[in-house]
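Below is one structure; the comments refer to it alone.
Order of writing sets the chain letters: A, B, C and D. Residues in each chain are counted from 1.
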Amino acid sequence: MGTFLENLVTGAALGSIYALISIGMTMVYGLLKILHVAHAGVYVFGALLGLLAFRLTGSILFAFPAAVLGCALMGYLLYRFMYRRVQDEKPLIPLIVGIGMFTAMGDAYRLAAGPYSISFEHGLAQTGIVLGTFHISFNQVLVIGSAAALLVLVWLMVNKTKTGLAWRASAQDREVAMGIGVNSNYMFGLNFMFGSALAGIAGVLVGLYYGAVNANMGEVWAYKVFVVMVLGGLGNVTGTVIAAYLLGLAETFIISSWGYFLPRDAIAFICMILVLILMPNGVMGKRKQV
Amino acid sequence: MIPAYYHTIMTFTCINILLSLSIGVLAGYAGQVSLGHAAFMAIGAYASAMLTVTFKVSFWLAMPAAALVSAMVGLLLGVIALRLKEDFLAITTMGLNFIVIGVLLYAPYFGKALGIGDIPVPMLFGEEMGRGMYTALCLALVAGVVAAVWWLQRSWIGLAWRGIREAQDVAQVMGVNIAKFKIFAFVISTAIAGIAGSLYAHFLLFITPYDFGFPLSIQILTLAVLGGLGAIRGPVLGAILLTILPEYLRFIQDYRMLTYGLLLVLVMMYQPQGLFGHKSFLTEGLKRLFGGEEKIRGRAA
Amino acid sequence: MKKAIVAACLALVLCLPLAALADEVKIGFHAPLTGWAAADGQSALRGAQLAVEFINADGGINGNKVAMVYYDDRIEAKESVIVARKLIESDRVVGVVSGSYSTPTRAAAPIYDRNKVPYISTIGTHPEIPMNRDYVFQIAVMSPIHGRVGAWMAAETLKAKSAVLLVMDNDFGSAVTDGFRIMAPKYGINILKEYNYPLGEKDFRSLLSNIKNDNPDVLWASGYYEEAAQIAKQAKELGLKATIIGQEGYDSPKFFELAGDATNGVVITTNLDRGSQSPMAQKFLAEFFKQHKVAADMVAASAFDGMLVMAHAIKTAGTKPDDIAKAIGEMKNFEGVATGPLLAFDAQGVVTRYIPVQIVKDQAFTSLTVCKDPKLITP
Amino acid sequence: MDVLLEIQGLSKNFGGLKALSNVDITLKPKEILGVIGPNGAGKTTLFNCINGLYRPDSGVIRFEGRPIQALGPDRIARLGIARTFQNIELFANMRTMENIMLGRHVHMRTGIFRGAAMWGRRSFAGREERAHRLTVETIIDLLGLQAVRDKLVGGLPYGTQKLVELARALALEPRLLLLDEPCAGMTAEEKQDMIFWIKDLQDELGVTILLIEHDMRMVMDISDRILAINFGRPIALGAPEAVRRHPDVLEAYLGKQERREPAA
């Protein structure tokens, strides 16, 4: 019984991380129909900023605001000086631009922070809740808890605010939305900042969860998040969040019961290709809503 | 005699030219992008290695067979590609790259993580090919593939491809069977990548799944995109530039992926047709410099 | 179109090297200075450079200074082949020492052997590297031996009765585990279950939950320091009681930096015995710490020894490849190294030496025991 | 074979919008049928149904007796049906020659491998290539496009682009040609040339033409019969003069008349 519960928590923690990263990417796809690969680079930037803040101030409380501010700024700059120029080109151009920027960012972090993992150790890591043989570590509680809080914030932002309405309208049909007065550039800039800030927090959480940050930690997540987006129905935030948790749990339980018959990301990609072919609108249904 | 070190560089340049050309055919002509072409190089390399090591087949049979096996998987991907929009096709090929590496790592007969060792050097007239001979073989294959692609591009098959790339539905209205030509582009492209894989295996004599990871796919794409899709000279010169330059400029070595990444971004944003493609500043400049001696069927006026 | 091919040949011929001239003895070295294994690569380079300093300090080789020519192989087989050709043809080195893992070393070994250039692998332990290659030697112990000594130590020192194997899926990870899998039952250790994981995996919690269920006395986990740190941390988080047994892959200061006090109690078999009384070992550990402000690890010590063995062979036998190879092959009880006396080299060119076992006490490796049983330590 | 194209009860709707509702057409070989109607009446939708871009919701389209409404555009093109588009659909960064050559695509017999196997002028591929080039050259001469033969189509003036699109359709050597407003945006003089060319097509090449055109004078002059459509429903079919005076047609174009004046 303990193993099942532990796997459940591990899967939920993994799902939370997938969710936080993929929300930003799904919203950008919803609005601009661009696959924003560089988003994973923003996430790594968040982890590095968080580590820097933690090293300077000694407490992880400062790590989160540093990551949020830094990543929101980076997100906006990426939109303003990169994507805006190519957003109306054939979908291939922004995709390759994104991949190029992601590769460059990965290498830049390696040159700045060194090629090896840097410890993001904080005293509380070893404490946790113990119920008989069932252990939940502080890190897991931190990740799942903050993800839950952030998801509520995202839901409010998307469904209950004027900006959220503008985002949903633009996702349905950008021209029409602009026609009725949505200043798209401002909206998109804001969306990039919001999504990137989320990714920044996810970066810090992953840094804490694994107690380590390294320059190419973005690589696996960058492509895993594609799978989550496709499974969740592109541009569909609620669908993506559900798909994120499903993938996190599925991976954990598959590996726990059958071990690694294939590396983690190969398993995820097989699911993605099957969904892409069989259910083009993704598991969660209609592609259009946000 | 040219020292072996340059043979190594020449051989890797030839292999990169083939890989770059394979992307050139697929993306440049038929407008289908693959972000996982290292997977097809892997299939070619492993097919050729297994045929020569386990089944003792001679290289001269194994290499074409490797191209065929790679083309078969390419055919499968082509059929899948028909159902997918452009950018989703790109993600699928990316996924294929991870899956192929995963299969090579975990399926029993591919030597798992140990890879395949002591792959035989190709035999010619009874004894092992020397380093110079192997480079000559690579150059000959590059020449052959360039000629074949050049012919394809000029023939009506190339015309159909360009029609698909420019405006797929209009080409369809003109009677072009979109499915047939897209799949054909995949088959040709993956066959070339398979040949490159086979040459790589028989040069390095030792391959592991980790040689064909996703970063390699990015590099292959950079070679072609930087060079300029849509014209043969693009991928060829792009491959030469990006293989020789790092060897020559030592300081680039450590900043390799950073330079590739930034090049991709800048080229895609400001010069989508690539450095050596049509109308790129380099081609136009060279044309003005040499007074347009490069006759492209009276492009003047 | 012809223009493109002509341009291609022209560009290729242009790259001519600068012929280096000197009467110093040139020894080649390669290690992963970039890429995911860069931490070990840097450490190996520092060890090798320290060795060159020591050699030149006491008169170099018969009066000639030793010059080390090194390249980065980026832990890629392809790059290691290019580096091999460069060292042999352009730099014309007398011998080469590899400070890289098994895969790149495996790729380069046949090239050095065919060109009759003596090649010493310091941390690459894959059996294929020295296999029937007269010019290729390995001062790292064969990986299966670590497995055997691990089994012996688990039974004799830790008194373990049951074990679970957590195997990293690469050439190093599986070769090391073969030794343990064969020897453990002979010492009465029952292997309950075996799990494997891909190189670079970060999340072991789902496997560790199962292992906690299996409740073994010891957990034999093969991996490099990054995987090892995650395993140790996540095992502690999940409250796994079993002692974790590792191998030389764990032996790096990064292991402590990443896993902190979760590393206490971990036991590893390695080459560098921190408690060794040999004068050279103490001198090496002290000098390394003085220069780099961080404790030397097994990788640095092995690269250091590789250079010393190569230099010693050239000093005694001259610079002709066959003589160097013969000299290394016949080395007996060579004390002049940091990692304990090198007892002998077998026919395949693999060293036999005592295998020290270290245990982690407040984030530092301390000597636990040394395995001297010839039955276990000879390949 | 007295009927080339037969359409019965063709209707197509997008969601609630009834774009076409049970249109019937029978077309005899070598005939020119003009299709008129206000903007948005469903004329282009009719063309898109005939050439396979749209799949009709109900009704049958028979070409030379064979039902084709379920075929894809490329299969229909191969049967000998070509079309031009209302707003030009050319391959902008290809040259005029290549655009027209694509029209020859359906006639290229060289299989992929047979083409690769043969080489040089004598081979089958070489001979076929030359035959196609010859046909294209004659069409270029016919439509006076020599001057722009090797220019990128994107840069050509509007009128010339219309001609290139016509040339490309002709290169298909169609038996049925669907012309979607061929003269839109042309000068009077260019319109005159276009009328001559369309007449030549009918007389010399025996091509059956379905013509959408707003210029009443031209349609009346050139068409053998005319079909008028309004809000997707056929409202009149017959000789040009009869359709011109048909009350519904006048109403559709000029709006409701208070009193019904005798037609001028």
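Methods note: a contact is a pair of C-beta atoms (placed from the backbone, for glycine too) under 8 Å apart; a residue touches a chain by one contact, two chains touch by 3 or more.
This one's a predicted model, so the numbers in the text were calculated from it and none came from an experiment.
Removal of chain B from consideration leaves the following touching groups: A, C | D.
Steps from chain C to chain D, taking the shortest chain of touch contacts, total 2. In terms of Cα centroid distance from the overall Cα mean, chain B ranks first. Of all chains, D has its CA centroid at the greatest distance from the CA centroid of chain B.
Look at where the CA atoms of chain A average out and do the same for chain C: the two points lie 38 Å apart.
Rounded to whole angstrom, the centroid-to-centroid distance between chain A and chain B, based on C-alpha atoms, equals 32 Å.
Distance between chain B and chain D, defined via averaged C-alpha coordinates, is recorded as 42 Å. Within chain D, contacts with two or more other chains are made by no residue at all. Shown for chain A are the residues in touch with two or more other chains, namely 260, 263. For chain C, the set of residues that touch two or more other chains comprises 34, 169, 198.
If the chains shown are joined wherever they touch, the resulting network has some other arrangement, not a path, ring, star or complete graph.
Every pair of chains in contact is given here: A-B, A-C, B-C, B-D. Only residues 27, 33, 35, 80, 83-88, 90-92, 94-96, 98-99, 101-103, 105-106, 214-215, 218, 221-222, 225, 254-258, 260-265, 268-269, 272 of chain B touch chain A when the two sit together in their complex.
Interface residues of chain A facing chain B in the complex, by the touch rule stated above, are 35, 82, 85-86, 89-93, 95-97, 99-108, 111, 219, 223, 226-227, 230, 260-263, 265-267, 269-270, 272-273, 276-277, 280.
On the chain C side of its complex with chain B, the touching residues are 1, 3-5, 7-8, 11-15, 17, 33-34, 72, 76-78, 81-82, 85-86, 88-90, 103, 106-107, 110, 128, 169-171, 173-174, 198-199. Of all the residues in chain D, the ones that touch chain B in their complex are 51, 53, 72-74, 77-78, 83, 85, 89-94, 98, 101-106, 108, 110, 112, 115-116, 125, 129, 132, 150, 168, 172.
Every residue of chain B that touches chain C in the complex is listed here, in rising order: 2-10, 12-13, 17, 105-106, 112-115, 117-118, 142-143, 146, 150, 204-208, 210-211, 232-233, 236-237, 240, 244, 247-248, 253-254, 294.
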